[in-house]
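Got a structure for you, questions after.
As written, the chain order gives the labels A, B, C, D and E, with residue 1 at the start of each chain.
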Amino acid sequence: MPPLHAYLLLSAALFAIGLAGALTRRHAILVLVGIELMLNAANLNFIAFWRYGARPEALTGVLFAMFSIGIAAAEAAVGLALIIAVYRHFRTTTVNDVNELRG
Amino acid sequence: METAFYVLAAVTVAGAVAAMALPRLVHCTLCLAVAFVGLAGHFLLLGAEFVSFAQVLVYVGAVAILVVFAMLLTRSADAPPAWVVSRPGLLGVGVAVLVFGCLAATVAGSGLAGREAPPAPEVTVKALGERLMAEYVVPLEVVGLLLTAALIGAVILALEDRAKGGT
Amino acid sequence: MRAQAGDLEMRGAFAAEPHGGGGRSAGSDAGWGAGAGHEWVRPAEPVGRLEGEWLEVAMGPHHPSTHGVFRMNVALEGERIRKLKPVFGYLHRNHEKIAEGTTYLGSMPYTDRLDYFCSLTNNWAYALAVETLAGLGVPERAEYLRVITGELTRLLNHACLVGFLLHDMGTMGTPLMYAFREREKILDLFEALTGARMMCNYLRFGGCRVDVPAGWLAGAQRVVDEFPRFLDEFENLLTTNEIVLARSQGVGVLSGALAVNAGITGPMLRASGVNYDLRKVDRYGIYDRFNFRVPLGEHGDVYDRYMVRILEMRESVKILAQALKDLPPGPILDPKSKLRGFRPRAGEAYGRIEAPKGELGFYLISDGSVRPYRYRVRPPSLINLTVLEELCLGHTVADAVIVLGSVDIVLGEVDR
Amino acid sequence: MKHTPGWGLLKGLFETARNFVGSYYQPGRLTTIEYPDERLPVQENFRNFPMLIYDGADPERGLRCVGCKICEKECPPQCIYIVLERDRSGKVQKRPRLFDIDVSVCMSCQICVEVCPFDAIKMNTEYELSTGDRFGALLLRKAELAKPNEYYRRLHPTEAAEVDARLAAAAQAKAAAQAKEQAKLTAKPAKPAWSTQP
Amino acid sequence: MMETLDQLFVLLKRWVVGEFPAAWRLWLSPLIDAGAIIGVFAGLFAVTTLLERKGLGRLQNRMGPNRVGPFGVLQPLADGLKMLTKEDIVPRAADRVVHFLAPIAMVTPILLAYAVLPFGRNLVAVDFDAGLLFFFAVGAGTELAVFMAGWSSRNKYSLLGAMRGIAQMISYEVPLVLSAVAVVLVAGSLSLPSIVDSQAGYHWGWLARWHVFTPWGLAGFILFLIAATAESNRSPFDLPEGESEIIAGHLIEYSGFKYALFFLGEYLGLFAVSALGITLFLGGWQAPVPFLAWVPSYLWFGAKLLGCIALFIWLRGTMPRLRTDQLMNFAWKFMLPLVLVNLVVAALWHGTAAWGFFGAGATRWLLGGAVLWLTYSALSHALFTAPGRGPRTYRYAD
């Protein structure tokens, strides 16, 4: 069994990668993908802490991760719908080009 | 176990890096799916069977597919490859590295770091279900509500133009 | 209705419209319809929700459901067809010009190859034109034989067409195979009578080439008697099949007015509710002696076209039963007719019959020599095809395929 | 009739099941045959490509064809090529030196048969002509085209009987005419008796 | 004796594994499982292609393949050889890596799904507590494979096919999962072996306690079959391939071995989803009647699987194809409400079993069935009947 900090480091790495992507990529979909990655990193943390925590039989981490997955699904759906709506409006999916609120 | 962890970790990180760095959007999505599968493997290793399968079902089966669909609908799949290398891009990477450094330092500095796992608990679906239905019934309902709201919201967003009178 | 004849002409199949490369036309059909410089405005289609660029797809010439080498250049929005341009001519064989260079008789085998499913009706239309030109009569027995072979041809054409249509709908060829099973029996009859299964070359000016061999009439009677059972089977399989209903009803609606304006003939016209059957209108041959009815559709959609053909087959069976019963003895060739040195007097003639696919006409001008001066075919397949775009716009790719199937084309006749 | 949704599909399923079972015991349903092992009987009227008929045993001398080139002229796709025989002095003989039919061009229309005044060309029913050599092997020469009259009788008995009777009658008439000519010493050459009507 | 025969494969594997040193056993056991599954189901794939061609042939009054070997039994071998020796064509514009990976991404998840299916008594590779979830989770991977194939081929038809395929698979996953949920609700477990166990025994000593013999089970099974047909892209839901419309959809640019892999994946998916249906509704490996219970369980499973395959072939030979929008309407407007009602009926059936709310025996059955039938006919009349739709009568002119 790898020690806890291995998981924590992995999670931090994933979070950083997601952050880097969300900050640097111009494509709206990729920004969303970066955010998803960050959420996943958080999930990994939950599960790792649950497994290495004091009372794993309480299942708190697992349940939290499940709620998080559910919310991530909702977020992805709304996010992508937004991207499609924006694309329809501006005919672009590059976040830099969408710089005004009025169409 | 250790080997499995390192292999999976390598797959996950490689998938994530590729998902964020590859020039073509479709490749990014596929690599993202790989990263998700790797994470599911980690969950399995950690004994959270149910979450692992849910992860695959939701992330690979739904989110990745949604991304693919959004790509097809916005014609981004055939968009010209775009590299990350630019000045604001480097800035973003710098910020990310900084964040990672902070997190890593915190992890290394905390007392938790070397902790070993207690004996694996038995996570049955039944136990999960009972928790969800008893202790966590309010959050469950809230998530359900949220999902419904998101579904309706997404549909309305996607239908917007026709409502506006698309001839 | 919405379209006038002139407009139809203008946006005819070969009207060169600027192909905007399908680039960023962003939802309006500026580059497609209105830009072509004529008044006619396309009926308002619900413009898609996602006005992405159109996807231009060339369906054909290598496409499994184009019934030959035919191409539909379609512009798709998602799966909706926003523009469709039929491209044909891949099977052009110069039929009409060849016919002007050969004798009258020499064109007869070439007519077999027009609509290669119905060689006998092609023969008949051509023979009718030449007989009108030369003033030849046809003996009674030959007329009956023509009706028998012609109606048998109609049976096999319609059965196979329905098979093809259902194949286009994706039935893995099951109805097609059943249709081919029955067609086989009819083709066996043709082979026994004319010596060839498809390229019959059976009629001669003023009659038929050979008389029926012994036992042929009994065989034909058997086939005709058994055909309704096959039709019942077919209808059990298809007519109330929910998927067939869902796929074909309300798809490819052709209004009666447009059909008349566009010169549509045959079952396709009758499916739109227009009562026009040359067997009743012209009463060519001896059709006035038979008791049969003309089924009419009312919606003009693919299902009506399918059903009209099924019902027509039932009527054909009735005609066949009467003709086989009444077949008189006698000669089968007009004694005035001759094979070599056949020179009809100068003049022109148009002979038309109700071929299974519609009005098949041959227009001939004779200058008194052994060769026609002008030879022109009115191919029902081609003319029925001209409304294809009209029928397909706003429908999906899958619909375009079955609409094409329901038009009933044979590329040999379209391209000639 | 009220239409219950789903009923039509079940009827269709029943129909295919009936055909499935029927194909095992109803010969009318399973019309296919296993071709190289079994063949359909050749119909008497069946025609494929032309052949030249000769009487007697010698395909060269018994050939009915006189090289009148009517078929060559009437052939719609013009797949017949005839060159007449010449004797040593260069005089044209009444028989073909070359008689080629390109069966890759021939469309089996039978017009050559119908226009032939001498019943010399008839339709063969041989249909297994596939070959690897599409230029050489599909150009049938005189030797390959020539078939004895017995062969013709075997293929098309009814038609052959008619032709034979007609030829016999013509020969008889010719003989009678010749006899008369002999007798009278003033006679015209007999006209060939031919009819377009089979 | 019969007991041994029934457990033959289990004992065999135990013996083989026992022969090896303990360190190897951890790896050997799954390897043997995987090998057995791949071998058996690839073999079944070969048999099925032959059966399908023969069966379709007879449905269409043809002979079917009969040239290779006696009665054509070696036809799959010839097909396989042909596939393997064909040139592997990759379009110049294609994305080579993705194009190459797509068939693998198609087959791998489907093979994984077999891990949780019980093929006989104790004959299951892994008994996950959340086995059903695992099945659906890995099954979701094939959608991505379809997209990979369609997009990487750089062909308009393949892209259209991929879009159709993804949309269809996502839509029909909902009724598929929900019809399975009814069984989960009653059986109280996500583990497939225990779902099979929940169907053990016989009512009144002769009627098997399979879920398909309950009204919700019957409706659920039919709905499951329909959704399964759509999930495995079989006719009448073969739109992604629709050979008369978009030629072969996402498979259009595949040839040779890669095409064979797709083909294999499709059939393996069909077997897997049929096996799941058998496990959920048809009592898994249980015998239908008590006096035949001595027949080895895997044989029963195999027989049921072959029955399902025959049904799929029959459907394929009969049905025309739906259209995309009709397909979506059918999934969301018809199947989804019906499957939800089915879920409620199942819950009532299960919850009221003790206090006879639905009555007992036949009455209970009829009541449950009536609720479902009424929903069905109301839904179908509301959705699929419109003026001018349905069978018509025609007028004649004289």
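By definition in this document, contacts are C-beta pairs under 8 Å (C-beta built on N, C-alpha and C of every residue); 3 or more make two chains touch, one makes a residue touch a chain.
What you see is a predicted model; the values in this text were computed from it and never measured.
Between the chains A-B lie more C-beta contact pairs than between any other two chains. Here the chain at the heart of the shown protein, by mean C-alpha position, is E. The most distant chain from chain D, with centres taken as the mean of CA atoms, is A.
For the pair chain C and chain D, the distance between mean C-alpha positions equals 31 Å. Between the Cα centres of chain D and chain E there is a gap of 57 Å.
Rounded to a whole number, the gap between the C-alpha centres of chain C and chain E is 43 angstrom.
Counting partners per residue, chain B has 50, 54, 62, 69, 73-74, 123, 158, 161 as the residues that reach two or more other chains. Shown for chain A are the residues that touch two or more other chains, namely 84, 88. Annotation for chain D: residues 3, 5-6, 9, 12, 15-16, 19, 29, 31 touch two or more other chains.
Contact residues of chain B toward chain E in the complex are 24, 26-27, 30, 33, 49-50, 53-54, 56-57, 60-62, 64-65, 68-69, 72, 77, 123-126. Chain D makes touch with chain E in their complex at residues 1, 3-6, 9, 12-13, 15-17, 19-20, 22-24, 29-32, 34.
Listing the residues of chain E that touch chain B in their complex gives 95, 98, 128-130, 133-134, 136-141, 143-144, 147-148, 151, 159, 163, 166-167, 170, 173, 188-190. By the touch criterion stated above, chain C contacts chain D in their complex at residues 102-103, 105-110, 112-113, 174, 178, 181, 184-185, 188, 191-196, 199, 201, 209-210, 213, 226, 233, 236-245, 333, 338-340.
By the touch criterion given at the top, residues 55, 58-63, 66, 314-315, 317-319, 377, 380-381, 384-385, 390-391 of chain E touch chain D in their complex.
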